[in-house]
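These notes concern the structure reproduced below.
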Amino acid sequence: MSQCDDSEKGNSLFNPTRRQALAMAVIGAAGVMLPLGRPSQAFAAAKAAAAGQVIIGLSQEPTVFNPHMPHIEVDEGIHWNIFDPLFGISPSGEFTPALAVEVPTVANGGISADGLQWKVKLREGVKWHDGTPFTAEDVKYTLELIVNPEFRSGRRAGHDLVRDITVVSPTEIHWRMEKSYAPYASILSWTFMVPKHVLSAAADVNNAPFNNAPIGTGPFKWASRVAGDHIQLKANPDYYGTLAQIDSVIFKYIPDLTVLYTQFKTGDIDVTAMQGITPDHYEEAKGLAERTVVVLPVATVESVALNLERPQFKDPAVRKALYLAIDKKTIIDELYYGLVLPTETYMPQQSAYYNPNLPKQGFNIDEANKILDQAGWKPGAGGIREKDGVRLSFTNSTTAGNQIREQAQQFMQQTWLAIGVEMKISNLPPAVMWGDYWMQSKFDSAVVGINFLTGADPDTRDYFGSTSTSAKGGAGQNTMQYSNAKVDELLAQGASLQDVAQRKAVYLQVQEIIRDDLPMLPLFQYTYLRGYKSQLKGFAGNINLRIEPWNVNTWSWA
Amino acid sequence: MPQYILNRLGQSAVVLVLVSLIGFIVLNLAPGGPMSQFALNPGMSQAELDRIAEQMGLKRPLMVQYFEWFTRLFIGDWGHSFRDGRPVLSVIAGHLPATLLLMGTATVLSVIVGTWVGVLGAVRRYSVFDTLATVGAMVALSIPTFWFGLVAIFLFSLHLGWLPAGNMYTIGDRSLGDYATHLILPVAVLALVNVAIWSRYMRSATLDVIDQDFVRTARAKGLPYRRVLTHHVIRNALLPMITLAGLQIPTILGGALVTETVFTWPGMGRLFLDSLGYSDYPVIMGILMFSAILVLLGNLLADLLVGVADPRVRLG
Amino acid sequence: MNADEKISVAHLSVAFRRGAGYVPVVQGINFNIRAGETLALVGESGSGKSVTSLAVMKLLAQAPKTRIEGSAVVADSSGRAIDLVAMSEQQMRHVRGNRVAMIFQEPLTSLNPVHRVGDQIAEAIRFHDHLSKAQARARALALLEQVGIPEPAQRMQSFPHELSGGMRQRVMIAIALAMEPDVLIADEPTTALDVTVQAQILDLLRNLQKKNGMAILFITHNFGVVAEIADRVMVMYAGRIVEQGSVAQVLSAPRMPYTQGLLAAVPRFEHAGLGQGDLGTIPGFVPDPAAPPAGCAFHPRCAFSIAGRCDSQAPALEEVEHGHQLRCLRWQELTASVECAQGGA
Amino acid sequence: MSTVATYPSFSGRLAWFSNPTLARFMRHKLAVLGVVMITLLVLACVFGPYLLHYTDLSIDIRNRFSPPLTGNHYLGTDALGRDTAARLLNAGRISLTVGFFAMLISTLIGTLIGVVAGYYRGWIGAALMRFVDAFLSFPSVFLVLVLAAFIKPSPTMITLIIAVTSWMEISRIVEAEIRSLRERDFTLAARMVGASHRWIMFRELVPNAIGPIIVAATLTIANAILLEAYISFLGYGIQPPLPSWGNMLNAAQQYLGNAPWLAIIPGLAITLAVTSFNFIGDGLRDALDGRSDLK
């Protein structure tokens, strides 16, 4: 049964585990003759290898377990532990082989120099959780499923460029790209492989049993779910990579952050994830005995997105003045307890493409007033500035219920009033806020946290490309309706280039232009406060992913 | 009897159609929708959102969607959750036990305490106890349940650390005692209002009974006071309370929803709120329908119970 | 207390609390009833006759508060004299339904609607004799038979609403007689019944009384019924006895104008069972006990009242002949005219 | 079940009240307390903000989370350093206004439907009452939340949402009242002199049913305030920076451990207001029900 290739794990520690796997397989296949080994002894030894449990507290409930169906961040915490991509991405942004033996690059011949031909060699001996071998057919099935019109696919961008998928052998697959598309490697790094033999057997793939009892190749197997309460995963002893040392992982759904924190304090949960610990609890949490609290930067950047088609925002002077009149430091230091990272760009500071040399914003009401005066915006009725019949008055919206953000909003409202700008707050329920109101650019301005990147890739055409505005018939998230020919040109260039150094030059320049144009007023880069019991080893964030319980198989209890 | 049940069911059908129509129209005509939660996903665009909505059948005419949904109700197909794709009925069934545990415990407690307070208040009308109970009930009815829950959490969980702040059990424990400690706060909060309601009604029902001739007869027979109270006063005072209990189901259900939201109780209320947040229309509709059915069944059951408990009532 | 007197009530007064003080509703009632004797207590609604009977049983409602004074002496099961007025609620339990039983006007509302009649009878027995349920039920069955209910075994299972009015009152009587009490207080037991049924119930009571020799206090406002069943009559007005004597004395020769008025209201044809409306021929209403008229309580309604006398001087109870007492300042002046009238008829 | 019965003559120390209903109401100590509390609360909300040192919107972020009785912040400050007292009183304006108008609208709807259903029996009445039953047999919190979660929130919207989900009790009461009233002599008299249906319904019948309507309306305010607080607490109601008692609680929830007064104070205000209305409603019920004197 278990004939894994041992090449990667020469560690003798793994031997008992394989024996346990054997025993498990035999027990699973009840009725098969029991080989006269020493199963009980093997069992005891195996327990020493993967034992105990860890409880991860989540403030949202994972509910989508088919990684290719529309889902939200929290679901990916489950995906990462059950499934594998062909290759993953490390916190430092390097691709690491997973189901592929090596990461395809131009250098190793995996990708042709023009970026059109892809060849991927797959790991041998990998098995799905149900014991069926993983082959190139599964990869082909996965890539085709994502673009299958029958399938309710969460995201097709990039995959729709794939053509002529050829299974060369069970461990090798080739395909052709319609055009060179550098971000595709990043996209593939969180494209999880799903089993063909399970999904193709389902009558309706959109409602397949798989969707609520996923089968993957990852370090953990699906065990059970109590909807609305928790999900349990069990260590996969047949995993080809680093074997999990913790046997049972429980994702506990605790919708209230106060309760979540209380349970972290009392030790009912071992790790906090998602919204985790609120900034106001940071000081206290740091002082807790036997708890470790870390501040993990994430790629999401908080900004005030401006709808540039609104007459108020067409004048760059207005955008500059607004930016100057934000007391960023107070917002960050007081409301966010200094735990988030001030930023001038959309690019996370940990990215290789981050531009650290952008001009720093400084809170300056006088300067802002001067800019507006010079631009001809004169105070009118109620002290609100106006010019050519346009009043500097607009609404600002965000998701109702995001406490700290609402506080920041009200704080900005006050400082902007000081420069004769009236901002009315009109917050909306999430379903309303992020529906047409956002997607079709029906807002004036919005406070929003966006991860502008495609995985670790610096491509941001979706957000800043002039053809990405839905309200103008484009496809993308450029809801600010930003349009700059130079940026368009640079972004197209950056996406087609495969060379990192060349790309970097392009994106540094993009950041410069956007800092100058200010289609959105960058506030800060988010960090998440994460707490875990100090005995837990191996916990680490990954800025290139949307959620951190991504490497639970490397966790262990001291 | 069957005629009566048929009549009641006929009325119920009207109620169900109305409730479902209102719910359906509100959900589908309101701006936003289930797609908006994916709007900020990387690489998402309006075209992609439209494609998914199309695949989910959300782009068809509203009436077509409604009729399909409604007719399928009868074959037990309440649709699939937009979130996890499971059948709505099994999603609800998964959350029902927690709600029933909370509601059941709170209801039993409220009935016991409320009956006691109400009867005692009526027997000792205008006494200090009666006055306190009356004023107390009015205040209890005026306290916002969720706020009371917050204060209870602050006091007993955060400040004193005696009781858990939420959830139904500790993972890995799940002993009876563990359930019990988790139940205390939410049950107390939910029961507060119900005790108030129940005791007020019980008091007036008891007052109606206590001066009746048959109670005097019972006393004239020389029965012990307790026996007069239990077999004659309370037994009769409880009759109108059965109907009342049926009518109270919406209140109790609503109260459970509120309590669950404060104590992160993994029941239907929590599910409802989560489904609202994610615009999970099938589940929202399912819960609306389910609660309506629950209420109607409760009322029907109450009517049947009155028929059993009161020999004078013969349903026909 | 005389050996054959089953109940002896002396100076019984009842006052209800109203506001800060107490309002007297029954004042200084004296009577006793011998074994096998029936005393009728007659008066309009509000005259205090029901309060008197409930005071003896100590069954007055708890609100408003009441104050009972005087004594009501009966014999306990071992023959000792006990004063009900002085007894605690706990002690009263053993008297009620046991030594003194009571039946009420409305048999429908006086029976618990949700219990079977058999159980309601057996219940009384169980708690006095500490019998098993089965034994108590056997006694109940015998009692139903005794009070003349056909098919008693089936009726045991009936609910009160399934029985006719007469049957219900028979059940009430069965409950009252369960412990063979010394004294039966019947508070208008026939008022709510049809005339024919009335007669049957009165017959039943008479027969039962003959058998077990109990004393009956029979409260009514109907002189026809009084004539049927009572040995002696007591007429009550505004909480006081205004006339009492044997049935013959009071009914054929009433001396007190109030009694005369009551009797005059009864049509010549002995139409038993006519309602209270018949008594309305006396003008006016029973006075509010909180604000009683000065002098004779009846004077505002009395055709014979004399200003300056009846409205200032309270009459005492005077014996006019052996066993016949009345409360009127002018009875001697009036006697002559009454005799003339009767003689002339 | 009629309140138009002539009241029994009343004698005693309160005789100086010409109106026996008012006299009965004044004897109800809790009801009087309710009136006093509500009056004080309304006065405080209307005039109080002018007497304070701060407005509800003035942010002073350096002094956030001051506990009560810090300097001139009598009730402390919130997460933005705004004066809790000022916010509380301004929130009171919103919450009480929403409650009042929700009551007004739902009373109008309820009365209208109740009168029509009670007056036209037959199928119109039956159909309307089925409709009422449908609404009544439903946990209105669920419906309110569905409405609030998908509609752009504003005080007007919230008022309407509360109103359209809380008129049923009133229409049931009115229907029963009208049904009994329409058999009375004065209705027949009106009909005989040729009064129109509308005249009879709204000029003859409604004024006579006004007692129970007022009682129900008072209790509706109480419920509307609670409902508004709950919706806003869940974040679907009145949106900040506009304060309401409910959204103050919502904002306070996160800081429950560190700044509990932020949660306790608005809750007390809600309880106070709702209790007062409930007391008043109870007192009115007793006062308008002539029978209570006879008991």
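A few points about this structure:
First chain written, first letter: the chains are A, B, C and D, and each begins at residue 1.
We take it that a contact is a pair of C-beta atoms (placed from the backbone, for glycine too) under 8 Å apart; a residue touches a chain by one contact, two chains touch by 3 or more.
Chain labels with UniProt names: A = Peptide ABC transporter substrate-binding protein; B, D = ABC transporter permease; C = ABC-type dipeptide transporter.
Source: prediction; values computed, not measured.
Chain centres defined as mean CA positions place B nearest to the mean of all protein CA atoms. If you compare A-D with B-C, the chain pair joined by more contacting C-beta pairs is B-C.
Using the average of C-alpha coordinates as each chain's centre, C ends up farthest from chain B (ABC transporter permease). Here the spacing of chain A and chain C, counted between their Cα centres, is 91 Å.
Centre-to-centre, using mean CA coordinates, chain A is 47 Å away from chain D (ABC transporter permease). Averaging Cα coordinates per chain places chain B (ABC transporter permease) and chain C 53 Å apart. Chain A and chain B (ABC transporter permease) have Cα centroids lying 39 Å from one another. In chain B (ABC transporter permease), the positions touching at least two other chains are 30-32, 153, 158, 273, 277, 279. Looking at chain A, residues 256, 258, 428-429, 431-432 sit in touch with two or more other chains. If you check each pair of chains against the touch rule, the ones that pass are A-B, A-D, B-C, B-D. Listed in rising order, the residues of chain A touching chain D (ABC transporter permease) in the complex are 256-258, 278, 280-281, 330, 334-335, 400-401, 403-404, 406-407, 410-411, 413-414, 425-429, 431-432.
The touching residues of chain C, when paired with chain B (ABC transporter permease) in their complex, are 54, 57, 59, 61-63, 89, 92-98, 101-102, 104, 106, 109-115, 123-124, 127-128, 159, 161, 172, 175-176, 178-179. For chain B (ABC transporter permease) in complex with chain D (ABC transporter permease), the touching residues are 11, 14-15, 18-19, 22-23, 26-27, 30-32, 135, 138-139, 141-148, 150-151, 153-154, 158-159, 250-251, 253-254, 257-258, 261, 272-273, 276-277, 279, 284, 287-288, 291-292, 295-296, 299. Those residues of chain A that touch chain B (ABC transporter permease) in the shared complex are 53, 55, 61, 63-66, 69-72, 150-158, 187, 206-207, 211-212, 226-230, 250, 252-256, 258-259, 262-263, 266, 268, 428-440, 448-451, 453-455, 462, 468, 470, 474-477.
Contact residues of chain B (ABC transporter permease) toward chain A in the complex are 30-49, 52, 55-56, 80-81, 83-86, 91, 94-95, 98, 153, 157-158, 161, 164-168, 170-172, 263-264, 266-267, 270-271, 273-274, 277, 279.
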